[in-house]
Structure formats: structure tokens, C-alpha cells
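Below, chain A partners chain B and then partners chain C, in two separate complexes.
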Partner chain A sequence: MTEAVFHVFRGDAKGGSLQPYKVQVEEGMVVLDAIHRIQAQDAPDLAVRWNCKAAKCGSCSAEVNGKPSLMCKTRLDALPLDQPVVVKPIRSFPVIRDLVTDVQWNYEVNKKIPPFTPKKDAPWRWMQEDIDRVQEFRKCIECFLCQNVCHVIREHGVKSGFAGPRFFVRVASVEMHPMDDLNRTALLKDEMGIGYCNITKCCTEVCPEDIHITDNAIIPLKERVVDDHYDPVRKIFRLLSGKKSS
Partner chain B sequence: MSARFETHDFDVLVIGAGGAGLRAAIEASAAGARTGVVCKSLLGKAHTVMAEGGVAAALGHVDPKDSWKVHFRDTMLGGKMLNHWRMAQLHAQEAPERVRELERWGAVFDRTADGRILQRNFGGHSAPRLAHVGDRTGLEMIRTLQDHGVHQGFEVFMECTVSRLFTEGGRVVGAFAYRRENGRFIVFRAKSIVLACGGVGKSFKITSNSWEYTGDGHALAYEAGAELVDMEFVQFHPTGMVWPPGVMGILVTEAVRGEGGLLRNSKGERFMEKYDPKRMELSTRDMVARAIYTEVKEGRGSPHGGAFLDISHKPADWVKKKLPSMYHQFMDLADVDITKGPMEVGPTTHYMMGGVRVDPDTGESTVPGLYAAGESSGGMHGANRLGGNSLSDLLVFGCRAGQGAADGAKTRSGQATIDAGQIERAERAMLAPFERADGPSPYDVHARLQETMQSLVGIFRVDEDLQKALREIARLREETARVRVTGSREFNPGWHLAIDLEAMLLCSEAIARSALVRRESRGAHSRLDYPKTEPEFGTKNTFVKKDGQAMAVGQSPLPEMPAELRAIVDAELEAVKV
Partner chain C sequence: MARVAEAVASSESRATDRRDAWWLAPVSVAVGLGVLGLYLFWAAAQNGNFRFENYLSPVYSPEVHPSWWPISPAFLILLPPLFFRTTCYYYRKAYYRAFFWDPPACAVGEPHRNYTGEVKFPFILQNMHRFSFYLAAFWLIFLWYDVFEAFRFASGFGVGLGSLVILASTGTLTLYTLSCHSWRHMVGGKLDCFSCTASARSRHGVWQRVTHLNEHHQLFAWISLFAVTAADVYVRLLAMGVIHDVRLL
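Showing the complex of A and B:
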């Protein structure tokens, strides 16, 4: 059995440092296993969030060797164990303690999105191909890794009137639902700041659910915003027909 | 009052934000009750998110002959007739509407060719009945409830844990909680409290359950004087991952078998032929778990001590579409491509059939003001739960408990004053582990409890083992009273575990004591020393109740089933499925 050294961030909002811990490595072990072992052996108060341990709940997001990852999915045999494994909290949100960050802001943003609003007398019948794209968005496990790597959030902070990729995916999941009857483009433009996104696709790259965040959610939503708010012909059509744009 | 604690008042306080808790909170709010929700994790991370295969409801979209009666019959037979008939009836009758309601709130289920909610086969269901979204149905459900729920006006306290309930004159009047983030205390005053805290799997070593599953609801109810029924019935899901060591116990959805997966032993035999030739892989979970256990014990296991589960005879693209999480889970964590070869699977502690005894219609426990729903409650599933009946249980009885709690709150005028002595005792109990200069580590005590329950109170039980387990639990309880915690009150997992241990020990004792008195084998409870199913035990439920400082065990007669329902269960399937 080999031994690995972990450098884990210990500290709080006031500051902290990387602390070294030794861990015995077993076959198939993931970073979260190592963190649990450190808790049981050396640091019972090491703070970490986790739940399912199977990449389904999105709780154990962290930066492992600088890479935003789910710790439950990051295997030790994929890391160079001849050097220390560095585990830090995700960066875009304030540290509460150790690996735990304050992600409350995300829940506040979510509340501002008007919920799914079905059409009156909706037939409640639709084909699988009509919902394939919506189901892609609904795979999101809210790990907030996309929020963590987003340039706009990293550079301008979370109070800048920008909602972040997670919530564009969320809006896409209701906007593109075949039975939804609301139009959220004004919200996207004015309150969620979708225009700030410059499509660098960093969010897509880190998504553990492989959601095509930029191509399938953000770009089509940007197009809807342009159609509704910057295209005069469409705008007149929309006003006259009173219909939700598509 | 000083900054010792915050105080919040609610008509209805819901503890737990999984499927049952959120559904209860939605209903209580809709009924006009000022409602609060407390949850141990962030919103949307509760264990419901892990549910995979589907939600059982007799919609009849795939098999038009399916009906609530067939679902009721399947549920009672699957539960070996120990289920509370009224719960099984309400569940079967109301599940379809609860599922359609989810769709109106934005859930996007997979579709049939004619555009309706698609349903799949599962063990013990005699029609394709499980509405699903690939193999991530629980995520769909919890996100739907969460996104709908945040607009219903209830207040959510995330990352808070309730450590005890306050009572006054025999009724529940409030709860004591701490915030994980900063260790500060909260006193809730509430006219009704709904327990929706999930199960007890963390008392076992190999489990599909997350850290939250420490039996809080069961323990809170017990300490408040409520009865817990059917605690001997712990579901060991037949298919958990067995390799690599770190992922041991993680769930492999029953949908693999529902979609045609085959179980084989090391000799290549489809061994279910020996155990349940009629239903084979789609037998009930208790049967399949025992079968795999037996095959391994008799030397026909897979290399890592499980059975082979194979879906690779189906087209690779189809497998990835129907079972996407399973594909990724095995690819990422075990280097196994399930479209090319078999998985290795073995039993894992998954679900608690037993729980708080409740009134089926309102969810109220034997203690006034206290309600329970979902895995915290008992009676619905009897001796064995059918796959898919949990998600529907959460919706049906979460809704009913929310309504019941709101109605109950209306009958209680004003908030009761909470006795200062009770608050002080709750605070002292929380802080005691910090004050000890020396003592065992909570992680160590927890590991030994898990070892004890795994080896002595597992799939097969005998008198001697259960007695030994009870002695060990008593020892571990003494150690827990001396457990020492280091560090601060800010997000300190060692401290939280020290508190959770008390609930885990209590549930473990309830399981072992109930298992001891049921001298027969039935459903998920198998006694090597009493291998037969005995008719005399088929007429009663086991229950435990606090008696002074001791745990009293009793047996109560099953509630009498009306003749028209009895006729449904007694009839041949073909006579019901028309």
C-alpha cells in the first residue's frame, strides 16, 4: 500500500493555510475517501460538505491540484502521488471553514427565476424528442463548479447583477419546456446580465454532468434576448401577437 | 433573551427537506400555515436526490390494466401483509395524482410513444409502473419540489440540525437546533412538527446512505414518547457496488434489472432460478438480497465477493440512454464499461421500513402535535418495500402530513411557552463533548457501531448475535457519553457526529430488540434460528417505546383490513388486473 501526502486548506474567512496530512492509499480510492480518512485519524474537525459520494448530489466541490472537481469523482490513481495533492475550497465563494464555502447567494438568485408556468389547458402530451434538450439541463446537480470558474463571477464578484451559468441552465430548462407559457428574456437581460457572458466555455468544461452549458443553454438564450429586445421586427410581432417568442 | 440562541415561531415546522419534507412544507403552506423547514444539508442535497429507478404510480400508461387495486395488492404482498392496509390503500390511490401534480410543477419525465409519462418494470410490481427520468428520478423530483417550493412562502433553515424536541403536557411544542456553520443554537416554537428525516443506514458499515441518515426522526420521536413500529425490518438492497473499497455500498439501481439486466454467479448460472423461478431477477428485494448473499457464502461469488449483473446484451446506446448514471458511475469509479461487460454487485443497507407509528390519514404520531412522513414513518411498507414505492410514499404521505400538521396547528391556539429547564438541558448536552479533557473519538465509536450492526444485525440474524449486539450497543452508549470533541463550534464534523451517534445508537437498539422478539423469518427479516414464516407473527407488528430510561418492546395486533380490500389481496392477479 502506498502513502500519499495531502495539503488541505484549513482556515476560515479570516485566513488560513495548507496543512499536510499523510494518507494510506487503497485501490480505487477517491479524494473524498482521503478527506474522510484524515477526519477519522488526524483532524476530526476538518470541515467538508458531502452527501451521496456518487456524483449525484453536487455537494463535494473543491479545487484538487487547482482543478475544480467533485472530490467523490476524482480518483487518486489519476493524480501524481509523488507530489502532494493540494485540496482547496472553490474560489468564487467566501470560505466558511476549511473546504466549506458560503454558496447562499446561489439560492437567492434561484428564487428570482419565475417558476415553470404551464399554458392554460395544456394537453400534457409531448414527444420525447421535444424534451430531450430540457432533460439535458435538468441533469444539473448544483455543484456550482460552473459558477466557480465563470470569469464574470471571478472578476466582478457575485453582487454584479450577473446570475452565472448555473442559472442560465435553470432558465433554459423552463424557457424551453414545451408547456411553459412565460417569457423570461427581460429578466435574462436586465437582472441576470446574460450579456456579460463572453462565451469562453469554461463552465462547460468543468460540468461533471457534461451539460453543454454554453452551446445549448447560454447561446440560444442570448439569441432569444436579442430577438425580443434588439430586433425591431420581432419586437413588433411580439407586441401584436402577444405570444411568447420562440 | 441573550445571544444564547435565536427563537423562531411557526405553525408548522418540518424537519427534513427531502421529498417528504418538501412536499409536506408545500402542503402546509398551501393550507395557510406559517411554515418553516430545517435541513441538515443544503437545499436539494437530501437523500431523495440519490433515488434512481422511478416513482411507482398506477397511471396505466404502459399497461392499461394496471390500477390502484393491482398496486395495492402488489404492495401488501411485497410487504408480507404486515403493512398498514390503510396506508397501502391511500398510497396506491393517490400516487397517480401526486405524480401528475409534479408534472404540472415542471417535472419532465421520460415519454411513451404517444407522449405520456413512460413507466418501467420493477421487482414485485405486476405492471410497468415506475414513472422515471432515465436513472435519475430522485434528482428530478427533488429539484421540482425545490424550485416549486421556494415560491410557496415557507422559510428554509439550511445546514441546521435538530437535536431534540420540546414537550409540554404530553404534546410537542418546539425543537432545539444548531446551525452547522457557526454552531449557534436555535429554539423553534411550533404548533405542529413534521418529522421527515429519512432513514438509519449510517449505523451499518456497508450502506447506500449518506452521512445524514442517522435516524434523527426516529430518535426524536422516540425521546418525545412516540411509538416506533416494525423496526426489525431493514431493507438490504440487493445491488450495491462491491468494488473498489471506497465505493462499496453505493447503489446500483434496480432499473438495471427492470430494463432486462441478468444476475449470474461465478459459474455463469442465472441463480435466481433456484430462489424465485417465476419472477427471476424481478423478484422482490428481500429475496434477491438473500440469494446473492447465499451464492457468495456458498463459494459462487464474483472476484470481489458479489454477483455479476449484466446489461451488456442490450445495445450500448440504449444502455447509455436508459441508465446514464450507472454507465458513468461504473466507468468513473470502477473502470467497468457496463455496455461491454457485467457489474459486480452485492447487498447494501438501503432503507428503513420501520418508523414512527402514524395515523394513515393525517400522519400524526401517538404524541399530539408530532407528525411523521416518508422513511421516518412506519407501517406503509410492512416487512419489505417494493422499489419505486418510496418516492411515491414521500409524495402521498408528505402531502398528507403537511395537511394534517396544518389542520392540527389550527386547533392549537398560540405558541406554548417552552420550559427553560428543557432548553438548558438541550444546550448542555450539545456542549458537553467540548468540555471533556479526554475521551474516545466519535469516529472510532461510529466505526465500531457500524461493524457491530453489519456483522451481527445484518441480512441473516440469530438470537446469540442479537444479544451480543445489544451488549455492544450498551457499551458504545457509555463511550458516547464520554466522547471528546476538539476544535471550534464552526462547521465541526466531529462534533456533529458525536451528536448524531446518540440517534444511531437508539435506532440500532430498536432494530436489535425488535429483531429479537420476531422469532420467524419474514420479508427483510431473516432469522437463521427461526427460518420459517410463522402465521402467528403475521398478525402483529412489533413496536418500541420509551419506558423510563429503558426501551420497552411490545407487539400490537395488525389493524383489521376491510373485507373488500382483503378480497383484492386474496384474489388471483388475473382477477384484479382487468
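Showing the complex of A and C:
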């Protein structure tokens, strides 16, 4: 059995510091196991949010050695244990205590998205190929790692007028649904700030559900926004045909 | 314990706690794009040694010499492909990371605070990517004509190493163009229902194929850039008399 040193953030909204803890490492352990062992042996007041320990509830998001990840999905044998393992709370949201952050902002953003709105008098029937895309988006576990790593939020603090990758995925899931009757491109452009996204794909890199956020949600939505708001040829065609954009 | 305290303090002051070689990808992209970009700029500025018998460098295709254009025609010819690549969704990621450090890598700090993404000039023009796709797709007609010419020797049909180099250049450019995200949107991505009409059902088949290509868009972007550069180098060395073409058939 080997021993590893963990540097775990301890503190609250006023500030804090990394505290060193020694943990006996056993085969198959993940970072969340080590945090639980620290809680059990050294720091019973260490605050950590977790639930399923199976990478399905999205609760235990943290930054392990600087990488946004789920603690329950980060194996210790994948980390260099000859150096201290640094565990910090996700950086883009205010710390409540220790590894627990306040992600309330995300739920406020979610409220701005008009929900699934079915077409009136349409046959309530569709085929598998119509919802393959939507089903990928439904895998989201709302761990908010994509929101945390998105540099628009993380580095530039743009929370007003920007929704973040998680909510572009949510919009894509209703916008591309064959039965949905709303057009949300104006919302995406003006209120959700999809133009702030510069396609650097960090959201896709950190997604524990392997959702191709950038290629399958954000870029297709950007193209829909171009259709309705930036494409001059389509604009002229709409003017000539008398059709409205959205 | 003093050593632990020092390590803790230093990890708190860094722009990132990442310990992997996160810098390797942006540095590789910067070097790759920098070297290939500088070579292609130099080749475009030469205005010579771009044709050898039936081989034409893709940098100078289509071969035009407009009298009103005072400098090398390659700078005019390369505008559509340059427009396509600079607005390409893959290259945007590549150069925003490698040259603008916006961000240099995931969860790594950025050196500057002002950021407007793609909502203001000049980056709002990235929304015109579909128009650059139209031009790039049109340019392929000229490049495939060059492939046809590259297999047509004075003695008739033949295959030289140059024929294959030019075929590889145009072939990979075609894959790169057909794997474009905007094209994927146009062929079917914009539809919400793939099963509702006969035309939507056939577009779904095309969309699936383009989606498959699109998954390799980054690979095609790099291979095609190397292939175009290699084709220019090969034709240039032939034209300069440095090497001789190898006839295979």
C-alpha cells in the first residue's frame, strides 16, 4: 500500500488555502475515495458535494491537478502520486465551503430558455433518426464542468449575456426536436451570447458523458443563427418572398 | 512540513495547476501553421517555377495572369482558400489557442482581459464561413482539372510521381472541403425532422455521410495543408531542375 499527499482547498467565500493530507492508497481508488478517507480520518468538517459515486449525478465536480473533472471518475492510478494531488473547487463559481460551490447562476440561466413547445395539430409520431441528435444531448448530467472550463465564464467572467455550453446543449435538445415549434435563434444571439463562444472545444474535452458539445450542439446552433441573422442572401430571399426570419 | 507549505504556496500562485504538457498542442500548432504558412507565402511571392510540363502547383491554380493585378497572381488565387481556412471552425480553435491564447489550453489562464469573442468586428465575420465554403467548393473544379492534366502527358495517359502528388493534394482538399461544418448544416443539419418528407429522408443519408467526414475535419485540415505544400515543393523542384519526375506508367 502506498501513501499519497493530497493538497485540498479548505476555506469559504472569504478565502482559504490548500491543506496537506496523507492518504493510504489502495487499488481501484478514485479521488472521491481519498476525499472520503480524509473526511473519515483527518477532517470530518471537510465539505464535499457528492451523491452517486458512479459519474451519473454530476455532483462531485472539482479541479484535480488543475483539470476540471468528476472526482468519482478520476482514478488515482492515473495520477502521478510521487507529487501532491491538488484538489480545488471548480473555479468559475463562488465557493460556499471547501470543495462546494454555489452553482445557482446556472439554474437562473436555465429559466430563460423557452421549454419544449410542441406543434399544434401535428401527428404525435417520429422516427429514431429524428431524435438521435437530441438523445445525445439528453445524456447531460449537469455537472457544470463545461460551464466551469469555458474561458468566457472562467477567465472573462461573462455571466450576463452569456449562457455557456451546458445551456447551448439544452437549447439544441429542444431546437432540433422534430415536434418543437419554437425558433430560439434570436434568444441564442441576443440573450444567450452564442457569439462569445470561439469554438475552442474545452467544453467537449471535459464532458464526462462524451457529448460532442461543440460539433453537435454549438456549431449547428451557430449555423442556425447565421441562417436567420447573418446570411445576406437568405435575408434578401426572405425580403423578396415576404417570409419572416423567426 | 516547510517543504509542503512551499509547494502549497507555489501551486496557489500559478495560472494553472495542470501538470501535463498542456503547452505542447498550442506550440505544435503554432509551429506547424507558422512554418507551412511562411513557406506558402514565400511560394506565392515567387511568381515563377510553379509549372512543370503538365504539372501545375495548386498554389497557382487556376493559372491566371490578370494585367490589372500588379503582384504575383498567387496572392489573388489564394484568397478563397485562405478565406475558407481562416473562417473554418477547426482552424478557429487552432489559432485562437495557438496565437491568441484565448485560451492557450483548457483551464489555463489567459494573459489578457479584453474579450469579445465573435460578436464584434473582425471576428463577427467568421459567420460568413458558408460563403467561403461556396468559393472553396468552386475552386475544386480548377484543382480537379489540374489532376486530369497531371495524368495527361504528351504521349497520352500516364502516371508520374507528380500526378500522384497533385492527386493527393486535390483529394485531401476535397475531403477537407466536404467535411466542413457549414456544409454539414446545409445538407441536412438545419432540418428538425429527417423522416417527414422524401427529400428530408435522402438528405438524412447525405447528412450522415458528411457527419462521418466531419468527425475527421481536423485531420483533413492538416493533411490537406501538408499535401498542398508538398505538391508545390515537388513541382517547384521539378521546374528548377533540382529533381526529375519519376514516371510510373
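One rule holds for everything that comes next: the second predicted complex is superposed on the first by the 229 of 246 C-alpha atoms of A that agree within 3 Å, B and C clash if a C-alpha of one lies under 4 Å from a C-alpha of the other, contacts with A are read in each partner's own complex, and residues count from 1 in each chain.
The rule is simple: a residue touches a chain if its C-beta (ideal position, glycine included) is under 8 Å from a C-beta of that chain, and two chains touch if they have at least 3 such contacts.
Values in this document were obtained by computation on a predicted structure and should not be read as measured data.
Asks: Look at A:27 in the shared chain and tell me whether it touches chain B only, chain C only, both, or neither; answer first, second, both or neither.
Replies: Touch partner of A:27: chain B, not chain C.
Asks: In the overlaid three-chain picture, which partner chain does A:2 touch, first (chain B) or second (chain C), both, or neither?
Replies: Touch partners of A:2: none, neither chain B nor chain C.
Asks: Once the shared chain is lined up, is A:96 touching chain B (first), chain C (second), both, or neither of them?
Replies: Only chain B is touched by A:96; chain C is not.
Asks: Is A:126 touching the first partner chain B, the second partner chain C, both, or neither of them?
Replies: Once the two structures are laid over each other on A, A:126 reaches both partners.
Asks: Which partner chains sit in contact with A:84 here, chain B, chain C, both or neither? Use first/second/both/neither.
Replies: After superposition on chain A, A:84 lies in contact with chain C alone.
Asks: With both complexes superposed on chain A, which partner does A:177 reach: first (chain B), second (chain C), both or neither?
Replies: It touches chain B and chain C both.
Asks: For A:151, decide between first (touching chain B), second (touching chain C), both and neither.
Replies: second
Asks: After lining up the shared chain so the two structures overlap, which partner does A:195 touch, if you call chain B first and chain C second: first, second, both or neither?
Replies: In the superposition, A:195 contacts chain C only.
Asks: Once the structures are superposed on A, label A:65 by its partner contacts, choosing first (chain B), second (chain C), both or neither.
Replies: second
Asks: Across the two complexes, what residues of chain A are contacted by chain B and by chain C?
Replies: Common to the two interfaces on chain A: residues 126-127, 177.
Asks: Taking the complex as given, what residues does chain A use to touch chain C?
Replies: Answer in residue numbers: 5, 7, 17-20, 63, 65-68, 80, 83-84, 86, 88, 91, 126-127, 129-130, 149, 151-152, 154-156, 158, 175-178, 180, 193, 195-202, 205-206, 215, 219-220, 222-227, 230-231.
Asks: Which bits of chain A are touching chain B when the two form their complex?
Replies: Interface residues on chain A, with respect to chain B: 12, 26-30, 33, 39-40, 44-59, 73, 75, 96-98, 100, 102-104, 107, 110-111, 113, 115-116, 118, 124-128, 131, 134-135, 138-142, 170, 174, 177.
Asks: Which positions of chain B touch chain A when the two form their complex?
Replies: Going through chain B, the ones touching chain A are 41-47, 49-50, 100, 103-106, 108, 110-111, 114-116, 133-134, 136, 139-140, 143, 147-148, 150-151, 158, 181, 210-212, 243-247, 250-251, 325, 328-329, 332-334, 441-444, 447, 485-488, 490-495, 497.
Asks: Touching residues of chain C toward chain A in the complex: what are they?
Replies: Contacts found on chain C: 1, 4, 7-8, 11-12, 16-20, 89, 92-93, 96-97, 102-103, 106-107, 109-110, 113, 115-119, 123-124, 127-130, 181-182, 184-185, 189-190, 192-196, 204, 214-215.
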